[in-house]
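What follows is a pair of complexes built around chain A, which joins chain B in one and chain C in the other.
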Partner chain A sequence: FPAELPPLPARSALSAAEILRYSRQLVLPELGVRGQLRLARSSVLVVGCGGLGCPLAQYLAAAGVGRLGLVDHDVVETSNLQRQVLHGEARRGRPKARSAAAALRRLNSAVQYVPYRGALRPRSALRLVRQYDIVADCSDNVPTRYLVSDACVLAGKPLVSGSALRLEGQLAVYNYRGGPCYRCLFPEPPPPDTVTNCADGGVLGVVTGIIGCMQALEVLKIASGMGSSFGGYMLMFDALEGRFRNIKLRPRKADCAVCGDNPSVTCLQDYEAFCGSSATDKCRALRLLPSGDRVSVQQYKELLDARVPHVLLDVRPQVEAEICRLQHALHIPLRSLEEKDEQALQRLQKRICEEKQRTDDQTPLPVYVVCKLGNDSQKAVKILQELPAEEFGSVLAKDIKGGLMAWATKIDSTFPQY
Partner chain B sequence: ESFPLSVLVHCFYFRGGAELLFDGVKKHQVTLPCQPEPWDIRNLLKWIKQNLLKERPELFLQGESVRPGILVLINEADWELMGELDYKLQDQDNVLFISTLHGG
Partner chain C sequence: MCQPLASYWLGHTHHVKLAGLRCETLSVPREITSLQLWEEIVKVHPRLALIRDQVVFAVRQEYVLLGDQLLVLQPGDEVAIIPPISGG
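Showing the complex of A and B:
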């Protein structure tokens, strides 16, 4: 990360060009010239240039904030474009922090942009956060959320935190005017397998847009001196119901590990170890089965070409099977298997029977299980291995490693990736 | 302590992904049966485990409380302000369970 930034100069007046540019907000008595001058002296660190960070940075740049630090370790991917609205098609493969800075520079060249191409890490986070007045958490994973919050407490900076998933969003302002920090609310991290990322759960771009804009609003209110409405409150947005809720939060906790009266966290820690998960939103690759119970997509392709009798079982959710599927696969969602859904099991039994009739030998019939990435399919194999042999006959359940996405990258490039 | 014999009616919203544990149903209007001791959140969680939560309770509960990462709101306020597990439920109370979101 670059060296220390010089402080933004104090300003006593706006230029004629600035007056014209910001005239529609200058006439707001709540903001006025005084508020605009404060904005011009303010620096904001944006952690994450994705679905939340893009709209947030866009509105802050347009409004004339003095300096925007833009942190992101990732590069622009095609599946980002639906919500990460600063990055265009031509930016694919480029670092998000730089792509965002370039787009913002076209919008308002008077703002200073400082792209940081790398993840926020415990080693460097505090030094970085200290150089900014306000921090916006637009990240996508649990360890980073704890890291950002602790750094803000240690550096004494207000934290405007947003998050979104599926059709819901949340926003809170932590460590602000004596209010609680993230750890006051969540002293313990959630178990890793209860956390859903945007790739698995999905997210609507408008939802991250709404929460990102709300974050920008609170940043602007703090920076300009109006003050935030969300110190001690959390906003919950339900896009499906079209409903916003304001939840009154607990006050700062005297026994909080970082902002409490006798803090045990006095320097930044290893947050990936603390949370038991990595500081990205990439999907985890589980290893639930011994390698003997798994085949590669190449091995499966060879079996398919050799017309070896088998059943291919696709265990993805219905909504994903509607996106794309292998035509010869039997589709039964993992959830139906877990619930031992009778109809679903009958369909499986019927298909196994049909396939067995095509073989004359007594060897167990292979059932290959596939999902998107090869995690759910392993869970399904475990369920199949426990099915009663008297009903299902002898079957040999195996998982296809890497799932349909591996099939798409290694076997059939025309198969859709999502 | 005497307890009114009238039934208690509560709404539960399992938001932020928590509803996926409850068969995708977000809102549960429930009637809690009469019992000698008053209904508090501790008892309510036990009742939920037995009556609403059919699978994988560990994704929702830990010990006698909710698992880390789930925020409990009583009438739209953080349960920490209301006594947490010891809060005595009132008729028509609104209890929300929200799993925090981390995506962006």
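Showing the complex of A and C:
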């Protein structure tokens, strides 16, 4: 990351060009010239240039904030374009921080943009956060949320935090005017396997857009001196109901590990270890099964070509099976297996029975289990291994490593990726 | 004495691969401590116990600490269980 930034100069008046440019907001008594000058002297660190960071940075740039720091370790991918509206098709493969800076520069060249191409890390986060007045958490993973929050408490900066998933969003302003920090509300990170990210849960672009714009609004209110309305409240947005709820939060927790009266966290830690998950929204590859219970996509392709009798069981959710599937697969969502859904188990039993008629029935019938990435398929194998042999006959369940996405990259390039 | 009471809202818990539903109504005593109320809900959705310390528990849109605090509920009161979501 680049060295220390010089402070933004204090100014006493707007130029004629600035007056024209910002005239529609200058006439608002709540903002006025005084607010605009404050805005021009404010710096905002945007952590994450994705679905939340894009609209946030866009509106802050348009409104004439002084400096925007843009942090992102990732490059633009095709599946980002549906919501990360600063990045165009031509930017695919380019670092998001720079792509965002380039798009914003076209919008307002008077703002200073400082792209940081890399993840926010415990080693450098505090130095970076100290150089900015306000921090916006637009990240997509749990470890980064704790890191950003702790850094803001240690540096004494307000944190405008947004998050979105599927058709819902949350917004809060932490460490602001006696209100709580993120840890006051969530002292312990959630167990990693209860966390859903946008890659496997999905998210509607408009929802990240709405929350990102709400974050921009709160940043703008703090920077211009109006003050935020969300110091002690969390906004919950439900897009399906079209409903916003404001939940009144607790005040700062006196025994909070970081913002409390006797804090135990006085420097930044290893947040990936603390949360037991990695600081990206990429899906982790779980290893629940011994390697003897797993096959590669190449091995499965050979079995398929050799016409070895078997059952292929696809355990993805229904909505994903509707996107694409292997035609010969039997589809039963993992959830139905977990719930021991009777109809689903009967379908499985029937298919096993049919397939067994093609064999001499001396050896166990192989059941290969596939999902998107090879995590749920391992959970399903464990369930299949517990099924009673008297009903299902003798079967040998294995999962296909890397799932259908590995199939798409290594075996069949026409198979859709999502 | 139990009566149909709080419509409790599961906030964003369906993301947490827990209950898989958004909203339902539960009959609980009119006067109940926040911890007892939580336990009533966990009886219906045992997996919520996994994230007890990782949620904002709110009654009538206001944070409530899980403990001995006595709540006096009115029919239709909304109880929300809000785990953080982290996507973006």
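One rule holds for everything that comes next: the second predicted complex is superposed on the first by the 417 of 418 C-alpha atoms of A that agree within 3 Å, B and C clash if a C-alpha of one lies under 4 Å from a C-alpha of the other, contacts with A are read in each partner's own complex, and residues count from 1 in each chain.
The rule we apply is simple: a contact is a pair of C-beta atoms (placed from the backbone, for glycine too) under 8 Å apart; a residue touches a chain by one contact, two chains touch by 3 or more.
Here the structure is a predicted model, which means the values were calculated and not measured.
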Chain B versus chain C as contact partner of A:D133, first or second or both or neither: neither
Partner chain in contact with A:D150 - chain B first, chain C second, else both or neither: neither
First (chain B), second (chain C), both or neither touched by A:E339: first
Partner chain in contact with A:D399 - chain B first, chain C second, else both or neither: neither
Partner chain(s) touched by A:E272 [first = chain B, second = chain C, both, neither]: neither
Which superposed partner A:E218 touches (first chain B, second chain C, both, neither): neither
Common ground on chain A, meaning residues reached by chain C in one complex and by chain B in the other: 48, 50-53, 138-142, 145, 162-166, 168-170, 185-191, 193-198, 201, 203, 208, 234, 236, 245-250, 281
In the complex, chain A residues that touch chain C: 48, 50-53, 138-142, 145, 162-166, 168-170, 182, 185-191, 193-198, 201, 203, 208, 234, 236, 245-250, 281, 335
Residues on chain B engaged by chain A in the complex (per definition of touch): 15-17, 55, 58-59, 67-71, 73, 76-78, 80-81, 98-104
Contact set on chain C toward chain A in their complex: 11-12, 15-18, 20, 50-51, 53-54, 56, 58, 61-63, 65, 80, 82-88
Chain B-facing residues of chain A, complex: 48, 50-53, 138-142, 145, 162-166, 168-170, 185-191, 193-198, 201, 203, 208, 234, 236, 238, 245-250, 281, 338-339
